[in-house]
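In the two complexes that follow, chain A is the common piece, with chain B as its partner first and chain C second.
Moving on to the complex of A and B:
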């Protein structure tokens, strides 16, 4: 398949009525030259992608069918790793923790980031400064953020100090299995909202002004304008945000790794963290690869369902 | 259990790590050679290692020692991946409990007898206290040498004891009952906020949790891991009693919800004065000296159920040589290890690491090391930390069990039953 869709039209077809040139046809027609040039441009990127993305993925697929401890050669075990996973309570628990993390961090992010985008799409005092300030968590490295939040969550940290002002007892944010996951989710939300706000902002600014002017003339109020103009036209952006957010949330690793190590107990042991531990602490690369394949399947299923849902609504 | 009465024996003056009666001369290579060594991050260790490297390179200008300092938390992962991919260093530094795995995979070079000038491994074992090389010996051969052997003793903040009207020596807890009795005197709360803990077990790392849990199980007459290295009894009657005691002590003395301890700073609560008593190893001494506590602390033995029949933990780090390197380089790597270990007094003075060598206790520097006799007594009564191909799985399962009981009030028996089933699944 050619990466340049227009190349077909430039190729001389058999029905061409032009004068026929005697002798051999040129080795490269103008169209195929264009195609070759496009491939040449793409080749380095494709090679890098193949070597550093697709080959490791294929290797992981292969390893998921083996018993491999990194040191001894892999031994083929067929579907055994996958069968074991279905009976492994630690794996099932980590899938559960990941799904809670994804649903509880993705759902609030949508209204919060959209709300902020709508706010910052309006003329506001110091709008650019505020936009930059709110975007700060996105540029902060995850490790730095995790360390800072660990201090903020301490008994005498900022969070408990604020609670103390309103007479609430200190909360053991990261040191209780009933609060630790929620504390980690809160950081996920805090970090994701400004990023998706920018995406929504771009989506809002792409909506033609005329629609709003026409709605105003027709007497539509703010809610009606939002419901019947903004929201439908933001659907592609919304799809992008949901899919990206689910993928990012499902892959969360650094924050729970640094802040809780998956604990207390296994309260914050999300699937990527368990995969890491299985691979590099227990050296069970086969099982870790099988978990990665399962995680890949979950993400693909999520993405597929979301795309289907949005396209169906679009068609309706 | 390992007893090391001979530690205090009459071996003073022995030239440590030098075997009398050299059999075969080790011919030191004259060609240029680079030897790589990795070690785990610990400030005083790095400073002394750099001194040793400079000294060795001064003695052997044709040898270049290339060093990499790795974070303690990442060492095992990085080392194992490097060894598996053929990019590991010549000299392996890791916790003693991992060497069983390395040995089983053929990654370790047996100790070079020529370099140490001995005819057999017994010659090396004779230099160490009984049991001191247990974690390094496989099928009768020595594959590693420990550069630190620790136990966990009880460190007491003198000022906080005095503030409670207690004497850090006379009132120090000898038993867990004593510890529970001290709880209300030393634990200070303001409303629901714990300002000072009397004592706390560690919760920052499963390895530390197991380091404290294993001797508790043994105090109740149990054993977590059988000799075969795979039969685990995590939910035995002794283990359940140990976890019940852990929980009860914690309720009265500690508050696991309030801690600043992390893997890279495991003693932080004690250093900051947040806990009046804390269990750690002799290696923490330089850190405590550098903290606000200074020299105002006391060390006593790890509390016991029965002080007449003490059980403690023994753990440490060892060096071994990577079997995949060329023979000439392996020999130099062993020679560098011999050189590094040749001054155990300096290791005590500069790093706070004790080597389980005979005669160490008699050296002047050992006599001047704070509470040396207490540390050695706890080492004497210690059993090596579980040594298995599945050490990580065991420590994590037990760590989770402890946290389930302490944080979520899960019944100790149920919690350990779950741990047992997790370990069995991992081992299978």
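Moving on to the complex of A and C:
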């Protein structure tokens, strides 16, 4: 290593995020021409994200303090939209529906997808065929899934036929406000489990075999191996899966929109659906923006809790 | 950690062999365990595939036997007419074309812009690099569902409602794509690039001829991930498209369902056709497809 690059890698700060393989220089030799090039190729991405992500987010914050119906210009109303929201039973119900949707789809998906990944992480007859078969729901477009499951959930549909085989009375699925949300959650799980199974499987296969061999020599049982080797080493994957899953569940829209339109009553009106209706059916952009800000806050809170949960475990 | 996107799900020969040998050695007990595992996985596979089978068989069933009791698992007689009837009921050829254009353009845009940005962030040192990366990453916390109201106002002010630009441009870069490409590029040796430089290759040429080919596994992963998401886009076209000639397939399907909801054979026929592109992609690129999704989970 040249003295120049070694002194550079010793410097603290941003450089530490690069790979630290000894003998391999992480950075190209800097020069003003190179820096100009670096900015030039970074700019398209930054520009597009600035215009279509950051600008809208800032504008959402601004609009949430206004009354705006698309016709007359936005009128500043201060916190009025947020005050209204706290007293709006439809909004509170929508938040509740979204929170139920997120927690009840994320919590079962983790053990189910991890369990399947563990079952697949071994020599097995027809392993690739089974994996591909179980992966298929990921391939089905969301809108198609909504349409097909609406059909299967019909009163005389195939789901009730199958329940009949085991002696269960027909379930009203999407037609009753007490079962509609669960029906929607179930198919969300149906499509999410294979997706995260594959991610967990990748995480499992990245764990060096030697760890398991060593555990076996030490006489560790399969539970102990799972608890003290697999689980800790899988923690980064686990965090990623939970974070991704929460975001995906929080923004679910197409499925409830197509299957129930938010009903019956308001049983499946998740937050994005309510935002959409407020903005594009009632043209209340200010209120819709205030809801968006609340949704953003909920996502942030989830992210904060997740990171805290996972780092605290690490300290033990 | 720089890790190889292609590594995880692949059945690396040595590992597989070792595991097979280990399985043999453990003898009867394990084989019995494996049989149980096999039974569980078969059951899960049935649950995963049932809606596919039901969609296909229902599209071919006669309408008057749709809810027949006992259930008609194999359609008899076969009702091929549902396909041309459904296809002709709406402008589905056009919707397919629109969805393909939009999904392909969004995918190409992400491959190019995410790679460029990731290359800049991994191999060059300049002020603001770290901040830029953090900003790009933070967009992963800003899903469309949160920003759609102002985004609609912005796109509307460009005059882009009812246009391909409006459907494509906002999604040409995804923070997640930059992240994915960056993780992969960290593992590309800088010496190779430096050597090309000494040989007098231009910066753009180095990127195009050396960096991009080295990133092929990550590019495949990103392409599959992005295409799937773009093919699925629903809420955004619903917001900005009212012109029938610009509707995408998901819009067409949901519209058809609300209009022809009781003609289940036709609705299922359209559902089959709407699944076909992704299913074919999966069929021919099975390993790449699964690795693509798995690759998105790499830290």
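Going forward, the second predicted complex is superposed on the first by the 280 of 316 C-alpha atoms of A that agree within 3 Å, B and C clash if a C-alpha of one lies under 4 Å from a C-alpha of the other, contacts with A are read in each partner's own complex, and residues count from 1 in each chain.
Following the convention adopted for this analysis, a residue touches a chain if its C-beta (ideal position, glycine included) is under 8 Å from a C-beta of that chain, and two chains touch if they have at least 3 such contacts.
Everything numeric in this text was worked out from a predicted model, so none of it was measured.
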| item | value |
| --- | --- |
| Touching partner for A:218 - first (chain B), second (chain C), both, neither | neither |
| Chain B versus chain C as contact partner of A:154, first or second or both or neither | both |
| Partner chain in contact with A:280 - chain B first, chain C second, else both or neither | both |
| Larger contact residue set on chain A - chain B or chain C | C |
| Partner chain in contact with A:210 - chain B first, chain C second, else both or neither | neither |
| Which superposed partner A:272 touches (first chain B, second chain C, both, neither) | second |
| On chain A, positions contacted by chain B and by chain C | 154, 280 |
| Chain B residues touching chain A - in the complex, by the definition given at the top | 76-77, 80-81, 83-84, 101, 105, 107, 191-194, 203, 205, 256-260, 390, 392-393, 396, 399-400, 403-404, 407-408, 422, 425-426 |
| Partner chain C, residues of chain A touching it in the complex | 13-15, 17-19, 24-30, 34-35, 37-39, 41-42, 44-46, 48-49, 51-57, 59-60, 63, 116, 119-120, 122-126, 128, 130-152, 154, 156-158, 161, 190, 194-195, 198-203, 205-206, 209, 236-237, 240-241, 247, 250-251, 253-254, 257-258, 271-272, 275-276, 279-280, 285, 288-289, 292, 295-296, 299-300, 303 |
| Residues of chain C that touch chain A when the two form their complex | 2-3, 7-9, 11, 15-16, 18-20, 22-23, 34, 37-38, 40-42, 44-45, 47-52, 54-55, 58, 67, 69, 71, 113-114, 116-117, 119-126, 129-130, 132, 135-136, 139-154, 169-173, 175, 178, 186-187, 189-191, 193-194, 197, 203-204, 207, 228, 231-232, 234-235, 238-239, 249-250, 253-254, 257, 264, 267-268, 270-271, 274-275, 278-279, 281-282, 286, 289-291, 293-299 |
| Contact set on chain A toward chain B in their complex | 69-72, 88-90, 154-155, 169-170, 172, 175-178, 261, 263-266, 277, 280-283 |
